[in-house]
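The next block holds one structure in the form of structure tokens; read it before the comments.
All chains are identified by letter, namely A, B and C, in their written order; residue positions are counted from 1 within each chain.
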Amino acid sequence: MNFYDYNSFDDVPGLIREALAIKQTNEVSNMGEGKTMALIFLNPSLRTRMSTQQAAYRLGMKVIGFNSSEAWPWEIESNAVMNSNKSEHIKDAARVISSYVDVIGIRCFAGLEDWEKDSADQLIHEFIKYATVPVVNMESAVFHPLQSLTDMVTIEETKTIKNPKICLSWAPHPKALPHAVGNSFTQWILNSGLDLTICHPPGYDLDKSITSGATISHHQEEALEGADYVYVKSWCMSAPYGKCSDAYNDWIINQDKMNLTQNAWFMHCLPIRRNVVASDEVLDSPRSLINVQAENRMYAAQAVISRILKSMS
Amino acid sequence: MNFYDYNSFDDVPGLIREALAIKQTNEVSNMGEGKTMALIFLNPSLRTRMSTQQAAYRLGMKVIGFNSSEAWPWEIESNAVMNSNKSEHIKDAARVISSYVDVIGIRCFAGLEDWEKDSADQLIHEFIKYATVPVVNMESAVFHPLQSLTDMVTIEETKTIKNPKICLSWAPHPKALPHAVGNSFTQWILNSGLDLTICHPPGYDLDKSITSGATISHHQEEALEGADYVYVKSWCMSAPYGKCSDAYNDWIINQDKMNLTQNAWFMHCLPIRRNVVASDEVLDSPRSLINVQAENRMYAAQAVISRILKSMS
Amino acid sequence: MNFYDYNSFDDVPGLIREALAIKQTNEVSNMGEGKTMALIFLNPSLRTRMSTQQAAYRLGMKVIGFNSSEAWPWEIESNAVMNSNKSEHIKDAARVISSYVDVIGIRCFAGLEDWEKDSADQLIHEFIKYATVPVVNMESAVFHPLQSLTDMVTIEETKTIKNPKICLSWAPHPKALPHAVGNSFTQWILNSGLDLTICHPPGYDLDKSITSGATISHHQEEALEGADYVYVKSWCMSAPYGKCSDAYNDWIINQDKMNLTQNAWFMHCLPIRRNVVASDEVLDSPRSLINVQAENRMYAAQAVISRILKSMS
């Protein structure tokens, strides 16, 4: 039982309620006692690292953290002649780690060089293929389901109408960033039966197989009008893929733009470049959910690991 | 309840006795059970890292270690437009980490480029300002209170007269080092009502608001005369700030210099450059307390965390 | 009581049986409760890091991980004037770490620049000399005893005749690698009273004081003939020491070569460069023991730490 994306678990609405219940009762348990979770980071992390580790602790588990810099890069191509800079094949790494621990979390960002490769999400799929214990996606090239579960929990916690108007707005950023958070939020919102408008400049398309069903707009102000939730995220260009530019720096979310909305909640996964992606005024307003989202990461991770532990017993 | 410097806690003499009692009885407890401490290192560490982690373990806590290299640099200026190399604002980082753990230790060295900035100890003050759980200073730009508590414990443990003569001597070093240990030792000694002579070459002043009350000398041999404790530490120049030079390499502490003292105890916080800061002969003599100080770090950290845990219950 | 090489412990056959028994009964215990093991990595590690940490957890211990990149390089020469890039002397580091934890594991690879220095295994010997708690060798310049114990456990688990024919074959690799695994396997096999043939190209000698008693061959195919176990490992040249070349790339182990053996088991310590050291066909065949060896690392470490804990009580 892996947690790769929205479709990994049955009854996602129930999962969202479970995470909220953990928060409301501050539930801890010893259901993971005697079990160990490995957290494998091929890329940087603050929130995911700490919230997932603490979630595992709250279930009585031990944790083994591992940064790829502590060992060597992995080859992911089958049948590769490994005579360059990759010292171990992912099939061996996945099997070996599986033989020591009970659950594995792995983070493996998009390379941002080749759209086809990134879209195939090859690394995590290969890892899951060879792992012999449950694997949790801590952000792959395509999806970041722990973040999206958190976001759904946060929306569930705050929404006052059944079908809020949700707008996912692209935002400027000095660096080219992966599409995973944007893809993943879209997947979870659409599968939850909610309406979603995605606005971004031309040339910044997310994967159309994922956004199918959402309303796509290239006009930010129109898209923000009447929104109940504004979810903001930067991602890199789709063509040329992996690049970024400063041509759309006026897409920053400031209070003027928030004033176009229906007094919307502001959401962002963090880390955020203040006064580039969104203004301090917006981020520190009473309608900002950024700290709630961050805190909810812990309950979301705990709900996911709990389900996995239950499936093992 | 934070532990930033000498003035953070009431009854420091009691704290010193508590640390000593932990040592003498090898006390462990489960008072921290169900609680987690995050140890945030923006700079290298051996002793602080291991002694604080073990202190938390001895209180039944879980620990989440975090090196800044595992994520990204933090912006500390308010209202900054974050379009360069800082990916997250310290206000967000401090809040987020606070939402996962119960106590946070943080290490954030001086930058050694700007005296005003370093003297303001801005990073840890900003972190404390936004953190919503207790914060322990694991060496900031200005102070290193876990080291100073350790040093007081070590002096308490060894002194045979009520008012020993204590000399803090600057020492040469190939690299420019922060002032924190020198400042902090001075603050704790003076606040403990003990006499302190500080000797250093001209141009190596510590912060005068901290050293006020100590005797300052530029003559090492005079300062050492009759000392009961010689605390040795290198720090960088005050003018030009952040530089070092080899002009005073003869300030190394060797046995000839120790012979000027009242058979003094030798102290240093470690790590130490042997035969540059002090000679092997001195460091390995029966009057060297360097290993006792290092061991006492664990009891000092345990005493500090214990007080914090008590304040939370 | 340290675990440095084959000769460190009494009754190695008993130790091998203990590790196998831990595997067969999936034994966990709380014999290490209240004790902490530090795992000190001066070099990269995946298997050793995770298997040893999990072994300690399975004995109820706490673990403090430490990478040398988290602090600073250590000076190992006695009486050194430490005015260059080494910030702490190993004698101080070893004493300090010993004062916080109950058992220390340390990894310190060969430098591959000076045969005499590497052969003296100076770093770990200095560390052991100054440590005041038991030290476990997690791969030093000369030996890798946790791997060799694992290998003996794996052979014990699979062998069907009392005196199998064992061949250690050198293999090609794009990087110059240490001799430790080759040395160590040789030491354990010979001390276990088993016959060993070592084949490698000219100029790739292991330490003759260690290989004395083995049959040395420069003809790979002859050496493989009739083997029951083929243990494959690359290591760098002995003359000029620390170099590698692609002159012997045809020493790769493929199925044709395995067909020369007595349907031999294939062994390798991992990580392995697939299709350079050995072919996928061999590595993924039913006669490949690579995953069994990797898993056995955990039981081997647990057996070693158990013995050490018993010696302390």
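Keep in mind that, in the parts below, a residue touches a chain if its C-beta (ideal position, glycine included) is under 8 Å from a C-beta of that chain, and two chains touch if they have at least 3 such contacts.
All of these numbers come straight from a predicted model, not from anything done at the bench.
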Same or different contact residues where subunit C meets its copy subunit A, judged by the half mark: different
Equivalent-chain rotation between subunit C and subunit B, CA atoms, steps of 5 degrees: 120
Distance from the mean Cα position of subunit C to that of subunit A, given in whole angstrom: 39
Touching two or more other chains - residues of subunit C: 65
Subunit B-touching residues of subunit C, taken from the complex the two chains share: 34, 36, 38, 62, 64-66, 70-72, 75, 79-84, 87-89, 92-93, 95-97, 99-101
Contact set on subunit C toward subunit A in their complex: 28, 41, 44-47, 49-51, 53-54, 57, 65, 67, 174, 270-276, 280, 290-291, 294-295, 298
